[in-house]
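Order of writing sets the chain letters: A, B, C, D and E. Residues in each chain are counted from 1.
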Amino acid sequence: GTLDDVKARGELLCGANPGLTGFAAPDANGEYQGFDAALCKAIAAAVLGDATKVKFVPLSSEVRFTALASGEVDVLVRNSTATYSRDNDLKLDFPVINYYDGQGFMVKKDLGVSSAKELDGATVCIQTGTTTELNLADFFKHNNITYTPVTVQDDSEAQRNYLAGSCDAFTTDASGLAAVRSSFPDPENHIILPEIISKEPLGPAVRHGDNQWGDVVRWTYNALLIAEEKGITKANLAEVEASSTDPEVRRLLGLEGDMGVMLGLDNAAFKNAILANGNYGEIFEATIGTSTPIGLARGLNALWTQGGLQYAAPFR
Amino acid sequence: MTLATDAPKDVFRLSMLIYDTRYRSYTIQIAVLVLLLLFLGWITDNTIQNLAERGKDISFNFLWQRAGYDIDQQLIPYTNDSTHGRATVIGILNTLVVAIIGCLLATVIGVVAGVLRLSKNWLVARIMTVYVEVFRNIPVVLWIIVASVFLTETQPQPRDFKVTDEMIMAGEEPKASMLFGAIAITGRSTDIPAPVLSRPLPTLEIATVPVSLSFLAFLAVVVVSVMANRRFLTRVTAVQEETGVRPVTWWKSLLILFGPSIALLIAMGLHLEYPELKGFNFKGGISINHAFSALLVALSLYTGAFIAENVRAGIMAISRGQSEAAFALGLRPGRAMKLVILPQALRVIIPPLISQYLNLTKNTSLGIAVGYLDLRGTLGGITMNQTGREMECMVLMMGIYLVISLIVSSIMNAYNNAVKLRER
Amino acid sequence: MSDSSFVRTQMLPPEVPPLTERGLVRWMRENLFSSVLNTVLTLAGLAFVIYAVAATLPWFLNGVWNAKDIKECREIVLANAGPEATGACWALIRERWHQFLFGFYPADLYWRPVLALGLLLVSLAPLLYYSMRRANLILVGTVSVLTLIALALLAPGAALLVLFAGLFAALTAVAWYAPQKLVWLTLAFPLLAFALLWGGSVWGPIGVAAGFGILALVYSLTKSFLGVVVATGAGVVAAAVWWLMVQTSVTTALHGAIPLGIQAVNSDQFGGFLLAFVIGVTAIGASLPIGILLALGRRSDMMLIKTLCVGFIEFVRGVPLITVLFVATLLLGYFLPPQSNFDLILRVIILVTFFSAAYLAEVIRGGLAALPKGQYEAADALGLDYWQAQRLIIMPQALKVSIPGIVSSFIGLFKDTTLVAFVGLMDPLKGVTTIVRADVAWKGIYWEPYIFVGAIFFAVCFGMSRYSMYLERKLKTDHR
Amino acid sequence: MAEATKKMQVSDEVAIQISSMNKWYGQFHVLRDINMTVHRGERIVICGPSGSGKSTLIRCINRLEEHQSGRIVVDGTELTNDLKNIDKVRSEVGMVFQHFNLFPHLTILENCTLAPIWVRKTPRKEAEETAMHYLHKVKIPEQAHKYPGQLSGGQQQRVAIARSLCMKPRIMLFDEPTSALDPEMIKEVLDTMIQLAEEGMTMLCVTHEMGFAQAVANRVVFMDQGQIVEQNAPKEFFSNPQSDRTKLFLSQILGH
Amino acid sequence: MAEATKKMQVSDEVAIQISSMNKWYGQFHVLRDINMTVHRGERIVICGPSGSGKSTLIRCINRLEEHQSGRIVVDGTELTNDLKNIDKVRSEVGMVFQHFNLFPHLTILENCTLAPIWVRKTPRKEAEETAMHYLHKVKIPEQAHKYPGQLSGGQQQRVAIARSLCMKPRIMLFDEPTSALDPEMIKEVLDTMIQLAEEGMTMLCVTHEMGFAQAVANRVVFMDQGQIVEQNAPKEFFSNPQSDRTKLFLSQILGH
C-alpha cells in the first residue's frame, strides 16, 4: 500500500496548490508554507518521524486528480472539495475535512450591492476546473437571474481581473475571498456578500481502496484536533508528556498502548505530528488565523466544543 | 571471347533475407512491423491494466450528459443545461473564429509591416524592424497576457460611462464615453452595435442549430453579386482585348457588388442596435469579451511579425532585374507590382504563410492563459475536469486539432502544386 | 564619320557630388521626405514614437529598486514623484531574481547550472565553427571569462574557483591548439551536464554512457554478418535492454561498492530559466538524432517505414504543443506499466523531444534535398555502406545547410518552454511569476516580472536569430 | 554582308543627346562629364574595363538610374524628374539585359504581349500577332507557349530581344547581352542583333564581342573610370587606337 | 606516344562480361540486348547520341543502376541482388563522373583517403601516402589541403580521378569526364587519362573526344537507342564506319 511506498521512499509526496496564499505557497526559499502544507508536514512527521521529509508537488486544478490517481502524489492537499462524484466517479477518498468552507462572492463596496441576488446581469470572475463554476451556474439558474462568466486560469489572475474591474464580482471559497481581500491595498472597500451558495468541505484526498493509508491521514489529522481539544501545544508537549495522567492523552503521545503500531506506524507517530507544527488550532492561527494578514475567524472550523464542526473521533 | 556460363539457379537461401536487395527491405519492414505491433500491444496492455486499476473504462457517453457550466462566448445557442458534446462544438467554433479572424488580421498586419520594412523611409522601416524583432523573439504567451492586461487595466469600467442626474446638474462629464456613440470599450469587453432586422425571414431549426433564413438569403445575394461582378469583369477584359482600352469599371463594379445586398437588407429592415449601459454592463449590441480580443490581438501581432518576414523575403527574392525589366518596358511601378512582382512574390510567400496560419491555429490553444473557452478550454478543460475522462477528452481533442491542421496543409499542398514554376 | 572620333587627352579627376547629393540634407530628403506619402509616414512614425515614450518612460524612471514590499514601493513613488505618478517596483526583481533564473535550485549550488551553461557554450563551438581556430578561440575565451566571472560572483569557494579557472584555461588552450578535439567535450557534454545539474552518484551517467558503448559494440560485432541496417537495430535493442532492465541494478550495486558523487538535486527544484534551458537544450539535442532518423525514414523507399515516419511527423505537426504537454502529464501514466512513474520534468522532456524531432525532421529533410544526387552516387561508387555514407558524406553537408533551420527550431522551442507552466512546472514566465505574486508582500505587482522575463527571452532569442542569419549568409557564400 | 550593314544610311537626325552629364553613387563619381550624340540609325558599341561605368551610362538613358547634372535628351524628350517624360522615353527605348530578366511566371508569348497591352493599349489579338511576328524573326515561334524556364539561355535572350521589339522602340539598348551565354548560344544572339542592325535600328550596345563591333558598329566608344576616353569608327579604333588606355585594353581583349 | 599506347598488351583474361543484358526505366526500354566482353587492359570508348543509354550502361557495371535481365560479370563476380557481391565489385571498379562529385566538405586529401580508410580499412598514414602518390600523378599534390570549391574544374576532375585510383581499382569507368569543363581544362584531364591508359588500366570511357578515342582506345563502341550498333578498332571505326547511323553521327561530331 501507499504507506509502505512512503516508508520505502523515505519521503512523502504531497500534491499542493503552488499559489494559494495562506494555504500553500512556496516562500522566498522555495519552502511550502500554509495551512494545507502544515497538514502534509504533520503526516510526514507521523509516518517518517521527520516533518521535513515531504516533497511538495505543485499541481494545477486540472491535473490534480490524475496526479493522485496515477500515484504521482501520495496525498492531495489542494483545497479540493469533497463531492459525491469525486468520491465515486473519480475513485478518490476524502478521509477527513480539514476546512469547512462555502462559496461566496466579493464585490466592491461602491457597487452598491448587498446581496448576491442583486447580481442580475453582473460579470463574475471564476477560476476554471473547480466545483465553483458548477455552483455558480446552479445558483443563478435557481434564482432566475443571469450573469456573464469571466473564466480565468488561476487565483492570481482572478484577483487581478477583479481588481482591474473586469468583473463586478469575484467568486470562490469564502476562505479564499478573505485571503484575497486581506492582500488588497484597500480591503475596506470590498465586501464579502452574506450568501454562501454552496457547501465546500475541503480536505486531503487519497486514492480509493487504500484504507490503511486513508486511516493514517485521518488519524494524523484527528491527532491534531485532539491535541487542541486537550490543550497540547507544540510548546507544552514535553511538559504534558511528563505530567499528564489523562489516558487518552497518554495513548495519543504513545506513552501507553500500541496505537501507532496498530496503524503500521511508530508509537511516537502522533507526538511527532503535533511537534511538527503544533495542534490544529496553532496551525490555523499561524497560517490563516486572525493574527495573520489573511485574518480568517475559526467559524465553522472551531472545535465542536466551541460551536464549530471540527469533531474528532475518540482516540481509543 | 569467353562466353558467360548459364546463370546459376536462383535458389532461395535464408541468408538472402539479409543480403539480397530484393528481400532485405521486406525483412526490415517486417521486423519493424513486428516491433511496432509489440510496442502497440505493450502500450494497450498497460493502458488496460492502468484503467482497470483506477477503476475506469473508456466511454464517450459523457458527451451526451449535461455540462452544467456556462460559456460566455457562444456562436450557437448554449446553456448550462446543454450537453458536453455541445460544449465541445462551442469550443471548436470558438477556436475556429479566433483562428480565422486571426489569420486575416495577421495577414494584413504582416503584409503592411513587411512592405513598410522595405520602405525607403528610414524611420518607418526601423519601427517595423523593432516590431518584428520584439514580437518574434518573445514567447507568445507573454503577448497574450500583456494584451489581456492592457485591455483590462487601461480601459474604463462600464460605470464610468454612467451619466447620473447629479452629474447633469453639476454639468460634469462622465469619465468615459462611447466611440462615435456606438462602440464601448470597457475593461471587460468591447461592445459594438449589432445589426438587427425588423422584418426578418423565419428561422429554421436544423439539427438543434438554428439557421436564420435571412442570413441564408443574404449569403445567396452576396454570392450572386460576386458572380455577376466576375462576369462583368470578364466582359470588360474582353473589351480591352478588342480595343486595347480598359473601360472605367470601379463604380459599376461597386454597384453590382453591393447594390443588391444593400437593397435586401433595407427590405428586411436592417438597423443597428446600439449597446446601452443597463445595470452592471452594456446590454444590446454585440459584446466581445476581452479573453477573445486579447488572444486575437496577441496572436495576430505575433504571427504578423513572422508573416512580415515572409513577405519581405518573398519580395526580396524577386530579383531587382524583374522590376527593372518591367520599368524598361515602360510599365508604371504600380502596374509592374501587380503584373510582374506580386504574381512571383506570392509563390514565394504563400507556402510559409500557410504554415504560419497553421501555427496560429494551433496557438489558439494558448487561450488557456486568459481563460478563453476554446476547444482546449471546454473539451480539454472544464469537461475533462468535471467528468474525469482524460483519455477520451485528450484523444478527441488531438484528433480535432489534427483534422483542422490536415485540412489547412492539404490546401497548402494543392496550392503549391498549382503554381509551381515550369522548368525544363 | 570622322567627326565623331574623339580622344580624351586628359583624364578627369573625381569630383565631390553637388551639395544636394551630400550630407544630412540628402539623407533626410532621401530617407524621410522623399515623397508626400513618405513624409506622412515619417510624421506618423514620429508621433507614435513620441507617444510610446511619453507613456512609458516616467514609469521606468520612477522605478524603485529598493523596497521590502509593494506597499513600500508605492510609498516611495508617491514621495518622489507625487500622487499622480506611477512607477515600476523593481525591488521585486532584486529580491527574487534567483527564482526567475534558477527556480528552487539550492542557492549554494548555483555554480553548477552556471558551469553547465558555460560548458554548453564551449561544447557548441566545434559545431558552430567546425575547425576555425580563431572563431573557436574567441568563443571559448569569451565564454570562459564570462563564466568565471559569474562563478566568482556566486562564490562557491576558492578551491572550486581555482579548479574552474584551470578547467577553462585548459579548454581555451584546446580551442587554440586542437579545435577539433573539442568535439569530445561536445560528445561528453550531455552526461556531464546531467551529472552537474542533478548531481547524485556518478555511476548513473556512466551507466547511460555504457549503454551507448554496448550499442557500438553489438553493432561492430554483428555488422559483418547482419549488414549495417540490421546490425544497428540489434545494437539499439541491446542498448535498450541494458538501459531498461539491467542498468539500474548495476549502477546501484556499483554505487554501493564505490559511493562516488555530489549532492543530488531533485528535478522539482528546477525552475525559471534553468528549467527553460534544460528542457529546450535537452529536447533539441535529443531530438536531433531522432529527427535525422525520421528524415531518412521519410526519404526511404520502404513503404512501411516511410508511411510510419510521415504519419508520425504529420501527426505531431498537426497538434498544438500544449496538448502534447497534457499528454505528458495526464496520459503518459496510462501507457506505461502500472506503478512505474517517473519525474514530470523527464516526461515533459521526452514528449517535447518527440515533438521537436518532427519539426527537425522537416528541417533536415530540406538539407538532404539540397544535396545533389551525385554525392550519393559518388559515395556508392566508392563502396561506402549506408551508414558510412550518411555519417561521412551526407549528414555533414546536410546538417551544415540545416543549421539556420535548427537554430530557429531551437528558438521556437525555447520560447515554447513557457507552456510547461500549464502543467504545473515552474517556467520563468508564468510559473515563477505566479508564485512570486502569491506572496503577500508582492501581491498586485504585474508588469515588472513580465518585463524582466521578457527581456531575457528577447536577449537570448534575438542573439540566436542574429547568429543564425550570420551563419546563413556565411553558408551562402561558401556554397557557391 | 558586314560591310553592307555599315554602309547603311545614318540620318542627321539626333536620337540621343547627352551633354556634360555627371552621376554620383553617394560620394563615388561614377560618370564624369559625358558628352555624346547618337544619330538615328547609328549603331554604337561601348566597351571598357569592368567598373568603368558602361552599364550605368546605358541605364541612365532610360532612367533606370538618375543623373545628377548635365542633360540627357532622348528623341527630343529631356529626362527630368517628370514622370510623363520618363514614361515617354521608356516606351520608345527598348532594353536587353545581361541576365535576360524574362518574367518566369508568364509564357513567352505573354512576356511579349504584356507591355504592348498594358502600356500601348494594343488589343490583345493585335499584340499577339506582332509578338508572333517578332518571335518568327528571332526564330523561335514554336516556343511561344512555353515558359522561360523551359528554354536555353540563347533562346531566352532572343525572347528578351523580341519582347523589347514588340514595343516597336526607336532605340535599342543592350547591356552585355551575350556575356551570360555559352559559346554556341552567343552566335544565335549575335545573328539576331546583326539582323536588327541591318534593318536600321538605332542601337547602343555594351559588349566585348569585338567581332560584332567590327561587323556592325558605326562607332566604338571606349570608357574608363567613368569617362569616354576614345571614340572612333571601328576600323580606326581597332587598327589605330590613340590613347594608351585603349591600346592596353585592346591588347588584353584581343590577346586572349 | 599514342601509337605506343595502343600497342600495349591486352591480356586474354576477361574483366567484364555482359551478356544479353536488358534494362527498363518503367516502360521505357533503355538498354536492349547488350553483349560485350572487356578484356583486362582494354581501353574502350563508348560514344553515341544523347539519350542512347551510354551512361546507363556504364552505371550498370558498378550497379548504380540495376539491370532487369541478362548477366553482368565483373572480375569474376556476378552482379546480382546480393549486397556482398555489389560491395566487392564497387571496391574494384572506380568511377569518374561528369560533374566530379567531389565531397565539398572534405579537403582534397580527405576526399582521397576517405574510401581507403573506411572501406579498405587502410591505416590513415598509409592511405595518405597513397593519396599523395596519386595526387602527384595527376599533378596537383600542392592542392592537397585545399577544399574542392577552391579548385578549377579541370583540377577537380583530376582529383576525382585520383580519388578513384586510391582504391586501387582494377577497372575504371568514366562518364563524360570532360564535358563539364572549359576547353583549356579538357586537355589537362585527357592527359591524365592517357597516362593512365599507358599504364595498362582497364578503362571504359563515355566521351565525345574523338581525339582521345583515336589516341588510346583499343575499341570504339557506338550506341544508339539503347543498342550497340557498331564496335571496331578506332582506325576502322573512324575511317570506315559500317552502319548509316554511325556515319551520320560521325559527320555531326567531327563536322562541328
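Keep this in mind: a contact is a pair of C-beta atoms (placed from the backbone, for glycine too) under 8 Å apart; a residue touches a chain by one contact, two chains touch by 3 or more.
All figures in this text were calculated on a predicted structure; none of them were measured in a lab.
**Student:** Please identify each chain that touches subunit A as well as subunit C.
**Tutor:** B
**Student:** Going by the contact rule set out at the top, which chains touch both subunit B and subunit E?
**Tutor:** Output, common partners of subunit B and subunit E: C.
**Student:** Treat each pair of touching chains as one step and give the shortest count from subunit A to subunit E.
**Tutor:** The least step count works out to 2.
**Student:** As a multiple of 5 degrees, what angle does the CA superposition of subunit D onto its copy subunit E give?
**Tutor:** Nearest-5 rotation angle for the superposition: 165 degrees.
**Student:** Please identify which chain has its centre, taken as the mean of its CA atoms, farthest from the centre of subunit E.
**Tutor:** A
**Student:** Whose C-alpha centre lies nearest the centre of all protein C-alpha atoms?
**Tutor:** Chain closest to the assembly's C-alpha mean: C.
**Student:** Please work out the Cα centroid separation of subunit A and subunit B, and write it as a whole number of Å.
**Tutor:** Averaging C-alpha atoms per chain gives centres 43 Å apart.
**Student:** How many angstrom lie between the centres of subunit C and subunit E, each centre taken as the mean Cα position?
**Tutor:** Subunit C and subunit E have C-alpha centres separated by 48 Å.
**Student:** If you average the CA atoms of subunit B and of subunit C, how many Å lie between those two points?
**Tutor:** Measuring from centre to centre gives 29 Å for this pair.
**Student:** Between subunit C and subunit D, what is the separation of their C-alpha centroids in Å?
**Tutor:** A distance of 54 Å separates the two centres.
**Student:** If a residue has to touch 2 or more other chains to count, which residues of subunit B qualify?
**Tutor:** 19, 24, 50, 149, 153, 368-369, 390
**Student:** What parts of subunit C, by residue number, touch at least two of the other chains?
**Tutor:** Where subunit C meets two or more other chains at a single residue, that happens at 227, 326, 330, 333-334, 422, 446.
**Student:** All pairs of touching chains?
**Tutor:** A-B, A-C, B-C, B-D, B-E, C-D, C-E
**Student:** Give the list of subunit E residues in touch with subunit C in this complex.
**Tutor:** Going through subunit E, the ones touching subunit C are 62, 64, 83, 87, 90-91, 93-95, 97, 99-105, 114-115, 118-119, 149, 163-164, 167.
**Student:** Please name which positions on subunit A make contact with subunit C in the complex.
**Tutor:** For this pair, the touching residues of subunit A are 18-21, 25-30, 55-60, 63, 66-67, 70-72, 153-156, 159-160, 163, 182-185, 293.
**Student:** In the complex, go through subunit C and note every residue touching subunit A.
**Tutor:** Against subunit A, subunit C makes touches at 71, 74, 95-96, 99, 103-104, 266, 268-269, 326, 329-330, 333-334, 339, 341, 344, 422-426, 431, 434-435, 437-440, 443-444, 446.
**Student:** Which residues of subunit B touch subunit E once you look at their complex with the stated criterion?
**Tutor:** 1-4, 7-8, 16, 19-22, 24
**Student:** Within the complex, which stretch of subunit D touches subunit C?
**Tutor:** Touch residues, subunit D against subunit C: 10, 22, 24, 26-29, 32-33, 37, 68-69, 218-219, 224-233, 236, 242-243.
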